Amino acid sequence: MKAILRSRLTPLLALALVMALVPMIAPTSFHLRVAALVWIFSLAALGLTILMGYAGQVSLGHAGFLGIGAYAVAIGPARLGLDPLLCLLLGAVLSGLVAWLVGRPILRLKGYYLAIATLGFGVIVALILHSETELTGGPDGMSVARVTLFGWRVTGALNWYWVSAGALLVGALLALNIAASPTGRALRALHDSEVAATGAGIDVSAKKLAAFVLAAVYAAVAGGLLAAMNGLITPEAASFSHSVELVAMVIIGGLGSVFGTVLGAAFLVVLPQALTAFQEYEQAVLGLLIMVFMIFLPQGIVPSLRALIEERLP
Amino acid sequence: MSEFLQLAFSGLTVGAIYALIALGFTLIYNASDVINFAQGDFVMIGGMGTVFLMAAGLALPVAALIAVIAAVLVGLLLHRLAIEPARGASPVTLIMITIGASIFIKGVSQILFDKQFHSLPAFSGDTPIPVGGATILPQSLWVMGTALALVVALYLFLEHTLVGKAVLATAANRLAAKLVGINVALVLALAFGLSAAMGALAGVVATPITLTRYDIGTLFTLKGFAAAMLGGMGNPVGAVVGGLLIGLIETFAAGYLSSTYKDAVAFLMILVVLLFMPRGLFGSRAVERV
Amino acid sequence: ADPIKIGSVVSATGPAAFLGDPEAKTLKLYVDELNKKGGLLGRPVELVLYDDGGDANKARTFATRLVEDDKVVAMVGGTSTGATMAMIPVFEEAGIPVVSLAGGIEIIEPVRAFVFKTPHTDKTACQKIFEDMKARGITKTGMISGTDGFGKSMRNQCLKVIGQYGITVLADESYGATDSDMTPQLNKIKNTAGVEAVLNPGFGQGPAIVTRNYAQLGIKLPLYQSHGVASKSFIELAGPAAEGVRLPAPAILIDDKLADNDPQKPVVAEYKTSYEKASGQPVSTFGGYAYDGIQLVARAIESAKSADPKKIRDALEATKGYVGVTGIYTFTPTDHLGLGTDSFRMLVIRNGDWALEAPAR
Amino acid sequence: MSTPLLDVSGIGIAFGGVRAVDEVSFKVATGEVFSIIGPNGAGKTTLFNLVTGIYRPSRGTVRLDGADITAVPPHLRVRSGMARTFQNLQIFFRMTAVENVMVGCALSERTSFLADLLGLPSVFRQNRVTRAKALALLERVGLADLAEAPAGALPYGALKRLEIARALAADPKVLLLDEPAAGCNAVETEAIDNLIAAVAKSGVAVVLIEHDMKLVMKISDRVLVLAQGRPLAEGPPRAVRENPQVIAAYLGDIGSREADRAHG
Amino acid sequence: MLTVEALSSAYGRIMALREVSLEVKAGEIVALVGSNGAGKTTLLRAISGVQPVCGGRILFEGEAIERLEPHLRVMRGISQSPEGRQVFGPLNVEDNLKLGAYRRQDARRQARLDHVYGLFPVLAERRKTPAMSLSGGQQQMLAIGRALMAGPKLLLLDEPSLGLAPLLVDQILAAVTSLRTEGITTLLVEQNASAALAIADRGYVLETGHIAMEGSGAALLEDPMVRAAYLGL
């Protein structure tokens, strides 16, 4: 039992199982859309899981990278006539490149200082997307061309459901691969002690940068998918509150847990839909629930529950 | 010259508001290593509370006092019901709790108050005071004065009283703090209560200038956090200098460069400063030994 | 009978709550009214209202929910242009009529079969303002606009039409949606030689702060605000500084000053009284848009004698001379707004209250 | 002495006024155990920090195997054969004991970021190799039965040994140990004693900081005494422990007695 | 003065202390020895109230204290110098010491401060230095000094000699002995067992969470099992 709980692929299988089940029980394409959004935001948050959960480096501007990916898919086809799918890739590369440029200087900062630096980065990206109306359509956003996958026009909730689910599965697999590899060990090590990691011959700044770039690529791909699925993107996608939301997904699900991140994303995407029943009290209830979860599952949903279960098992 | 002066006055006013909020962060951070994301909401409670109490017929000073007390109660409740039960949780978890609290406070305020913008009458009238070709509003002086008074008070408290030291000790090493007999729960409650009071006070003096609404706290949290980090987290003098600097940078950027990108300019400046001084302008220089 | 479901997605919270909140309140109020009067076609009306918090992505999700899950027959809403644009494809595809409450001209240009809107476009407001400027001999202006969707879109529309009035823009400044001090920008405009008037497209607290800073800097030029501040709370927020501010606004702000034979007078008076009684807050233009939206849909259902979305759409498009709070609407297959510049009136703030300016020219 | 493996000359640093290390030079050869002792605050740990590159010296040079590494960043010094333990424990508390040591093996691992990301079979082969090596090292320091325990749950003495295992994992040519026996009782110290001797014998130059005089006097080939950042004495253990200056500044009664006991 | 009765404590499911009983009489020096992981630190932490216990009682001056918050135990006169030093890193040396007397703002605070500075002159030299930049041994001195500042009735020392130069170990142990003449009772955990037992009135041997042996210091020093397992003789 414990072996199953600890196995690397358990979360992946669980996830695949859930993905296969949802379309069977989802009554309408609205539910499929919500599920697809969960997968997409999970993907974005997974990057943060690597960066924050493994390497312990906070980013409060991660929606900025999501915005870069999203607008690449919007701007490329509309302004440059490029293929949307190509733009998804270009967006990921661009986002990684920006992360590399920005990360080199700022990853030397620690803790809250890194948080404010990344926050600043995110604010600047959002501001550019907001202000360069010619390019981005300004605050009201811009529409996004339909995506064609090898001649197949991706439309409809079910198709997007599978595309986003597939993307998340790949993302989750890569994240789990990293966790179980020397790189993952190095990241978790520098989380606890940078001096000791250096003392083990690990190039701490290079590893941090790699995690940062990878996280940016995850976010960009998620952003691209979001934009393509919605057919429209607004600068809101890159906003500070979105960055906080991504961080919240990672923390609520459980720092460093891949499956937890998906649960965290589900929590924050599905809950507002469920809470509409409370009408004006929606926000208050949401805040309350976040507090209650964090108080009673302080390490996040998955690690806290796992600890509880392991404690009860012989 | 008069233009420069005018921009400087504006910058100092806005900066003093940021500084007041940054000061609020300082205490909770110093006691617990936590950034309180509900700090801006304390500011909102101060402003909105006063507005609604005045609308109910109370005089400004009375209304302000009650609003500040209400904010302190909220701060204490936040500590008692959310922070204290999660005792021993990591700072990330505690920060997440404060984020939840911030959403909760906004959610309740939009029902308790409303979703409109509100203002307070300026304490000493609206007549601009001309200085060297530029003008400054009397309310700006109130804001700056309050910031000055609070920074001095906080500095004296932290540096020159044993209870202040106990606050710092609690954040530095909670285990050791318990072992020397510090009542850690009490210290944290004190920090939350006082931070809330400072936040609410900031709200009362700033509202005649910034106006207020149930969700204005997010903005205040963001700017106050930036100010506190620029100055060096945990240092009250740093908080004030950081706040004033950001206010000035924003204003001068808007005045001389681009009003669209003034926030970007401010954050770029913060980045540049942090690259050379990774712990902010007044952050501790001592390094952890290995 | 099972209820007729009318959907709505508004930004009741978030940065556009200033607009979305009165919209939501109005919709609830008038759906209740409808039901008190026995509903529509003998069936009760159910309002399914969601709050997108100002996030276009959320709006889109709620749009799907309204269509797929709630199965609404019509929809009133989309507070912002961004949210509306995000939702349109969903409703177009499902063939469900939308009456948007957002200002952007791109919502109805090009005309989409199922999309209508009640607010004046920014363009109309700009035209009204420039007409007034021209009549007063102003040819050079300074502009300061909010960078939110409303301010930015109106700025762009104004720049598009300004040439037709022979007016030039000498200074073009902006401020962020949450800024609390605009003196630097205003100071720049003040120091720009030749400026004869200042125009401030924007909504929320921004224009109030602009107005106060304007007074603080002692700028004596005429200040034009937009219909984005058309609510009594603007006068409260801006305080004495608001004296003399001019703005285009719908009839709703000056119900008591309308001519007795003005067809809008009774409508406006009724809405104002009901809304202020129910919400305890002053009416605004935004609530008025929602009023017109829900009334248009209700009328369409009645005249279509059917709750079938396609029929409602057809009936909507056939609307002629509906006297609303915002203006008098006549939709055609090529015009899904159906308002002219005459639905705006030029107001000026005097003694802390709105006053009607004699029509220019 | 054959060619020195580690050659530190004239090194120094000051922290605002305090000259923590001042003109210190020493050489260590392969297979040698070289100890550094001195009063608290003498600058021993700081010296380690200079040698391993955590602090940049204000003057002086560090040579390893003939190459000047004074300006080489710390993680690359490990690559050229330098590993250390820390006086203020630097443990990866969220990882298990064996994972801590596996991190120490980073240098000998042959995978790339891309391979790690894709989860190629080579990564898992590598993991198995690394794990086996780490377990062997834990065995060597006597922690085999705690391999899967979270490091955060280990008692202080065990953590000290865990650090030694992690340092050994880098296959160092020079091993710098900062108070490895602190927190260990006499019997446990003996085990560490044997471990150090064996490591030295296998051809590693060991630099040892320690306040346990029995240990120092027993296994050191040479001893350097620091006081207030400067060398006070240097030489074979016997000479050092009889040096009256050293007795007065550092050893005292207990120290002398223990030092004597080492040689019986 | 201190009676521990059948005290148990666990980390998760790992029992670190199993029904440990011991007694410290007023004015005594009691040494507690045991190998790595025996539970010595856990026991001291439990007495100070920073470690949850799952059974048993702790009586101090006849009153049960096992439910009291840590700061209340300090107020009753229990003070500890913890393992791993645990100084207040960003605060300077003097502030660390003053905080040691947080619950003892009496007239003798200055005298105790002078006493600590006398015991460790280097702390006086560096009184304005942030504790985190002190050397390891200096921090250890600070931790001990801070515990003394509370003017305790019962002093708990967890490996006070750890990282201290031999000369200072002499001084520390001498200081503990002299504290007894001032009426301070000490429970001493030491790896340097021979030195600790030499100054102790009585000693306990802790083995994997339970008391394996007890006796006078001298008797334990002579015990063949103790000599083999802990003294390495």
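As written, the chains take the letters A, B, C, D and E, and residue 1 is the first residue of each chain.
Quick note on the criterion: a residue touches a chain if its C-beta (ideal position, glycine included) is under 8 Å from a C-beta of that chain, and two chains touch if they have at least 3 such contacts.
Quick caveat: nothing in here was measured; it's all calculated off a predicted structure.
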Contact distance in steps, from chain C to chain D: 2
Chain A to chain C, fewest steps along touching chains: 1
Given chain A and chain E, the chains that contact each of them: B, D
Most distant chain from chain B, judged by the mean position of its C-alpha atoms: D
Farthest chain relative to chain A (centres taken as mean CA coordinates): E
Whole-Å gap separating chain D and chain E, where each centre is the average of the chain's CA atoms: 29
Distance from chain E to chain C - Cα centre to Cα centre, in angstrom: 74
Distance from chain C to chain B - Cα centre to Cα centre, in angstrom: 35
Distance between chain centroids, defined by C-alpha means - chain A, chain B (Å): 30
Chain C, residues touching no fewer than two other chains: 12-13, 147
Residue list for chain E, restricted to those that touch at least two other chains: 133-136
Where chain B touches two or more other chains, by residue: 110, 260, 263, 289-290
Partner chain A, residues of chain C touching it in the complex: 12-13, 49-51, 54-58, 60-61, 64-65, 67-69, 80-82, 85-86, 89, 104, 106, 147-149, 152-153, 156
In the complex, chain E residues that touch chain B: 48-50, 69-71, 74-75, 79-80, 82, 86-91, 95, 98-100, 102-103, 105, 130, 132-136, 146-147, 150
Residue numbers on chain A that touch chain B, as the complex places them: 105-106, 108-110, 112-113, 115-117, 119-121, 123-124, 127-128, 131, 195, 240-241, 244, 248, 251-252, 255, 280-291, 294-295, 298-300
Chain B residues touching chain D - in the complex, by the definition given at the top: 289-290
Parts of chain B lying in touch with chain C, wherever the complex brings them together: 3, 6-7, 9-10, 13-14, 17, 110, 114-119, 126, 128, 135, 137, 206, 209-211, 213, 215-216, 219, 251-252, 254-255, 259-260, 262-263
